[in-house]
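The structure that follows is given in the form of structure tokens.
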Amino acid sequence: MMAEPDDFLRAVEAALFVAELPMTPMELRMHVGEGDLDATLAMLTEQYAGRGINLVERGGRWHFQTAPDLAHILRREKDEPRKLSRAAMETLAIIAYHEPVSRAEIEAIRGVQVAKGTLDVLMESGWVRPAGRREVPGRPLIYATSVDFLTHFGLASRRDLPGMDDLRAAGLLDPVDLALEGLGGQSVLENDEEEA
Amino acid sequence: MMAEPDDFLRAVEAALFVAELPMTPMELRMHVGEGDLDATLAMLTEQYAGRGINLVERGGRWHFQTAPDLAHILRREKDEPRKLSRAAMETLAIIAYHEPVSRAEIEAIRGVQVAKGTLDVLMESGWVRPAGRREVPGRPLIYATSVDFLTHFGLASRRDLPGMDDLRAAGLLDPVDLALEGLGGQSVLENDEEEA
Amino acid sequence: MDEDLFAPPAIFAPDILTVSFDSWEGPLDLLLTLARGQKVDLREISILALTEQYLDFIEGARQLKLELAADYLVMAAWLAYLKSSLLLPRQEQAEPSPEELALRLQLRLQRLHAMREAGARLMARDRIGRDVFRRRKPEGLRLVRKAQWQASLYDLIQAYGQIRARTQPVVHTIAVRPVMTLDEAIQRVGALVGVAIEWTQLEAFLPDDLDPPKAKSALASSFVAALELARQGRLEIQQDGIFQPIYLRASVPGARGDLL
């Protein structure tokens, strides 16, 4: 490794190594004291890049984890995370890409009711959390993803959600009504006529 | 860190990182497969020397651990203001008014047993100190207050503690029958005389 | 494994309708599966063709007497209406236009499809515990809280007061109440009435400067003493009416009874 890591870097490295949970810079600072934490975290990230262990940031919290390509040698049978149902996966994706979102809004996209257990499973996993109420009649609960969601799926932030920019640019995250306005009532019959 | 760690080294590094217990080379090999394990362990040891995390061998088993000089950051002390429990407060009061007293004597005055933890807390607070043993059968430890006690409570000496008359005037003896005044005042007085 | 999750069920062609409708999560899901069967971008999808496919599919299911949930039939009815509207000459179309309804359906299918793909991509990421691992037994950072005990002098003396209040044996002392005994009163009234020739009010026989409680007791005792002395013939009592002042005087020998 590089010569002579300074004591502050060594302290940050050790603290992250023993930490039970990913740590915010503020939590880290409670243990390691004064120093240029941002620069140190950046330096550690760089030093560990390409190694068997990597330092990563997820939702503002930092942790060491093994490199993804080594999964096959490290995975144990009991490690397999619980498989989500298709409904749960879709619901999770809708919450993540649209958050905060109400149950009715999820149902509008999926075309079916959200089964009782689906949101429960997602909340129990710690990936989804209630995020207040929407100030519309009925004040429905709205849901959002958690920091644990980002950590679990390896996302530094919601901006890193796969395809987020493309989906937004294509208007696919807008409600149908809004998209319809944008299209100005353009006909789809053209397609059918062409085909006929 | 050093450029381009090879995949075998990365695998050993990651396997040791996630391991629940220190690993023998044989256990390691079950995960990482073929390769020059001895040389790799030696290289990792060298790469991590001087960092916040070190690779160490103990009795033929390998594991990562934080550098010994960083132990202090893993266990950080934080002062936390706490209120004394009622039992501790009462015990402290009895020691202050009657010192030196044995635990049995405190119990006789309180009319309730004194848990061992209560005296421990008072000693930890620095307000109470052991003051030798009483020369009676069993030679019980006796307790007295400390200089810290006087400092903390803003007393020049124990004589500044309000006497029974003061307590009564302040309503602190309610709802005791007035007939008690003689008894209470007397016992405090005896003590004060002893001390003098 | 995750990649296959959103592939259409292999049995969507109407001629091999051995399908259970449990395979779909409602009509929109079925429509999306059929739409993807068109193998074109969803933006290019022919809603008319899709409608035909769906209606054929439902018809096939009904011929096989498969149990169909109501919402599949509602969708079928709606699509049948949409189809006929789309085929009508344009001027006869109602509001909202069938084109708009078709476009809405297309947009919904696009959105559902986008979220389905997003979900699959999310699941395929390097996930903790499956693809990347944290330490299984981290030692943990400990924050040892050192108690900074707090207590005020008031707390201390209050505690002591409470102990004394709680633990001292309770002794009941009956206070000596300030009274004038009957014997005292007889002596006093007897002595004083000897010099009283004229009628004198009972209160005059009481000592001065008594506390109110003792004064009451003295009055009562003196009255009873007066009765006793009258019985002995040593004094006379006179009262003009109920609650009127009571007068005493030494008895005049021989005159006894004249005044009563």
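So that you can tell them apart, the chains are marked A, B and C in the order they are listed, and the count of residues begins at 1 in each.
FYI, contacts are C-beta pairs under 8 Å (C-beta built on N, C-alpha and C of every residue); 3 or more make two chains touch, one makes a residue touch a chain.
Note that the structure is a prediction, hence the values are computed from the model and not measured.
Summarising the inter-chain layout, the chain whose CA centre lies farthest from the centre of chain A is B. Of all chains shown, C has the CA centroid lying nearest to the centroid of every protein CA atom. Per-chain Cα centroids separate chain B from chain C by 38 Å. With centres set at the average Cα position, the gap from chain A to chain C is 37 Å. Looking at chain A, residues 15, 17-18, 30-31, 64, 66-67, 74 sit in touch with two or more other chains. Each of residues 133-135, 139, 141, 143 in chain C touches at least two other chains.
Interface of chain A with chain B (complex): residues 1-2, 4-5, 9-15, 17-18, 30-33, 47-48, 50-53, 64, 66-67, 70, 73-74.
The touching residues of chain A, counted against chain C in their complex, run 15, 17-20, 30-31, 54, 63-68, 71, 74-75, 79-81, 84, 86-87, 89-90, 92-94, 96-97, 109-112, 151-155, 161-163, 167, 170, 172-173, 176, 179-180, 183, 185-189, 191-192, 195-196.
Taken together, the chain C residues at the contact with chain A in this complex read 5-6, 25-29, 44-49, 86, 97-100, 102-104, 106-108, 110-112, 114-123, 125-135, 138-141, 143. Partner chain B is touched in their complex by these residues of chain C: 133-137, 139, 141-153, 155-168, 170-173.
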